[in-house]
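Presented below is the structure to which this report refers.
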Amino acid sequence: MITFATVWAWFTDPANWQGADGVPTRMLEHLKFTGITLAIALVIAVPIGAWVGHSGRMRWLVTGANAARAIPTLGLLFAVSMLVSPLFTSSLAFTVPSIAVLVLLAIPPLLSGTYSGIESVDPAARDAARGMGMSDWEVLTRVELPCAMPLFLSGLRSATLQVIATATIAASISLGGLGRYLIDGLASQDYVQMVAGSILVALLALVADLVLALLERFAVSPGISGRGQGVARRRRLRFGRGGDAAASVKNSTDAPLGADPA
Amino acid sequence: MIRFEGVTKKYGDGSGGESIAVNNFSLEAPTGRITVLVGPSGCGKTTTLRMVNRMIDPTSGVITIDDRNTADLPLAELRRGIGYVIQHAGLFPHRTVLDNVTTVPRLLGTDKKTARLRAMELIERVGLDPDLAKRYPAQLSGGQQQRVGVARALAADPPVMLMDEPFSAVDPVVREQLQNEFLRLQSELGKTILFVTHDIDEAVKLGDQVAVLRVGGTLAQLATPAQLLADPVDDFVAGFVGRDRGYRALQFAEAPELELTNEPTVTIGTSASEVRAVGQPWVLCVGDDGEPMGWVRAGAVSGEVTRDLLQRGGTVASTAGSLRALLDAALSSPSGRGVVADADGRFAGTIRASEVVPVIEARQQSVAEREDAAASALQGEATPA
Amino acid sequence: MTWALDHLDQIFTLAGQHAWLAGLPLLIGLVISVPLGWLATRKAWLRTGLLTVTGLLYTIPSLALFILLPPLLGTKVLDPANVIIAMSIYTIALLTRTVADGLSAVDTSTRQAAVAMGYSTFGRFRAVDLPLAIPVVAAGLRVAAVSNVSIVSVASLIGISQLGYFLTDGYARSFPTEVWVGIVACLLLALVFDLVIQLLARVLTPWTRVAA
């Protein structure tokens, strides 16, 4: 029977806080996978998104990536794992396919966040920047990227939640991290452990989201966010998990923009 | 000086064909002057302007600035030497007003402190409150944004300015303010300016010379504003210049020395009996420094002249003003007598419309005679002696 | 291919269950988020509050939610109701913002005209704002539908029967074909949802089809 008391007992049991299966280790693993995945995905998605947004060429890359989000994450995880695992020996056989899938899932929100951020830059500002003699690189780094920050950060938030959620599921293909509590608990019928793990995962996701929301405060110019300046909110570009209405309408003609909690 | 020599711009229309946006366009925009490009929407004004800083490359033809071919100059160098102001200002939303204005000097390597000092100076110069420097563009009104746009374009002190409908997105009252301050600024700075607008009134008001373009990107007429109003070359230009042009042209006709009628005046506080003693239905009220304040209807004064009795509908012409201002002062005055003030703004006398009209007619006469003389002189030359 | 043909019956049964688990929450979510979205347009603090709460719910990873709901609701772990409720939560989280955005995007002059004609607040909402918000809401619904179809398959990890079964079963038996069949079936189902919603939106908004 699951009660508050049984779950509390799990959390207060020192045994659950030690060793390879302890909460700190699992939490760190989860963070490590999330961090590695996001780093790789950022390196791939941001330059491509920036380039597509800046040049207006090859938009199908973004639409294509968005359409690919309809693929069920669990299926992708299993399929890639079955394809890739045999190529590796040792524990890499589990981590490589998992990270690969996590990267694949993180790319679409980052790509479309970067792209739509840059694409939404006021054409007059871009025109003025070019007119005052900025090179393409200067226009991109001094005008377009700072203005794209809000939409890029929403993309980063979506991607982060997506990765945290999918890394949990990836425990079913033997990845470490907090998902182990859920999957191992299921196998051993230890429902208390499953609930405890679920609480930890949910907390991690919440905290990560809050941290990124805070980051938004520092990384976005008050001139764009309108924060603390009494700026008329007309220009405020908000873009929650699913994207702001305009962006989702625009993108939905091609593909859904929302991130799955997977 | 900006010179266009046979400049043409063609766009592919997407189906293999071509459309001509600017066609064999030649023009000289003299140094230190405002040259206005005006014409209906889609006639190629923006395209013409943007070919100067090579935001658009001409299909053929040459554009030179001070006899240097723009096509041979490095792009960044060319553009940094040209101030560029566009319709919606195009301010950078993530930068404060101050940082917007320092953009080009910073790109050119000016140190931050110097750039900021100069930017503050410019911000005041374009008529903005220095307190606005810390704000972001989204916190400014359209008119203020446009002023920042002008300040930003002036920041590196470029000799040449390109302005594409800079004032057309603001309301008429603000537009007029911006236009007046722009003229004041230009009288101080003396830039070589190419100014695009679709508004003929704006063109006539701001231009030292006005180039009227027709759809298809050809030059229909290049003239001073006065010539343009007085003598449009064809029906297109006449239609574009619009109605009232006879009247509007008078704004370029300086008023000659005129016999003004002196007028008994009253001040605030003058008693009703004194007002009636003037013996006229309308009496002019002046302020402490002799400046005209408005007309008072004698019959309406009970007790003494008060401010709310003043009828302020009439415009005030200046002795140094135009015939248009004189005529308008007469036509807008409830008494039929137009108020004229001297250079210091003191009441100088009144004039009736019936007195202005003969002056206008005499002027037309002399213009016609001068043209006849010029024409016969030409003929004389053409005829072999 | 032959495997898929041999298992057509099973595919259709599971697809039916999958459609139910992903589709019913769309309806529930829509019915709940329309009033919530409307509330969010009424007052700034309501908007902030509602969007914060729904946003937080949306951060909870699906597997965790599937596991946390039974002790909270007192349901059995294998009860499909858990999935329905979890998916409804995600749908509401996504749609509330969309509905609010869609409603506030209605042209101000249109709205003022409606007020001037004497519509009551609710009458205007029903007759003017809501119909005009349909395209935006439909776009949000499409996002939710595709996302739901994908998330529902995760529930097969805790033994709820739907197309995700092919994924877990295929993986457990090291039989890739079955996994691919599961993936393709999910994609087709998502496509069907997407087309149905687009079709409905088209039928409901005849004015958008008048040649521009």
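To keep things simple, chains are lettered A, B and C as they appear, and every chain counts its residues starting from 1.
We take it that contacts are C-beta pairs under 8 Å (C-beta built on N, C-alpha and C of every residue); 3 or more make two chains touch, one makes a residue touch a chain.
All values reported here derive from a predicted model rather than from experimental measurement.
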Result of counting contacting C-beta pairs for A-C and A-B, higher pair: A-C
Chain occupying the most central position, where position means C-alpha average: A
Inter-centroid spacing, chain C versus chain B (mean Cα positions, whole Å): 58
Distance from chain B to chain A - Cα centre to Cα centre, in angstrom: 55
Mean-CA-position distance for chain C and chain A (Å): 20
For the chain A and chain B complex, residues of the former touching the latter: 122, 124-135, 138, 142-143, 146-147, 149, 220-224, 226, 229-232, 234-235
Chain A residues touching chain C - in the complex, by the definition given at the top: 2-3, 69-76, 78-79, 81-83, 161, 164-165, 168-169, 172-173, 179, 182-183, 186, 191, 194-195, 197-199, 201-202, 205-206, 209, 240-246, 248-249, 252, 256-262
Of chain C, residues touching chain A in the complex: 51, 55-56, 58-65, 67-68, 70-71, 77, 90, 93-94, 97-98, 101-102, 105, 135-136, 139-140, 142-147, 149-151, 153-154, 156-158, 164, 167-168, 170-171, 174, 176, 179-180, 182-183, 186-187, 190-191, 194
Of chain B, residues touching chain A in the complex: 53, 55, 75-80, 82, 84, 86-96, 103-104, 107, 135-139, 149, 152-153, 162
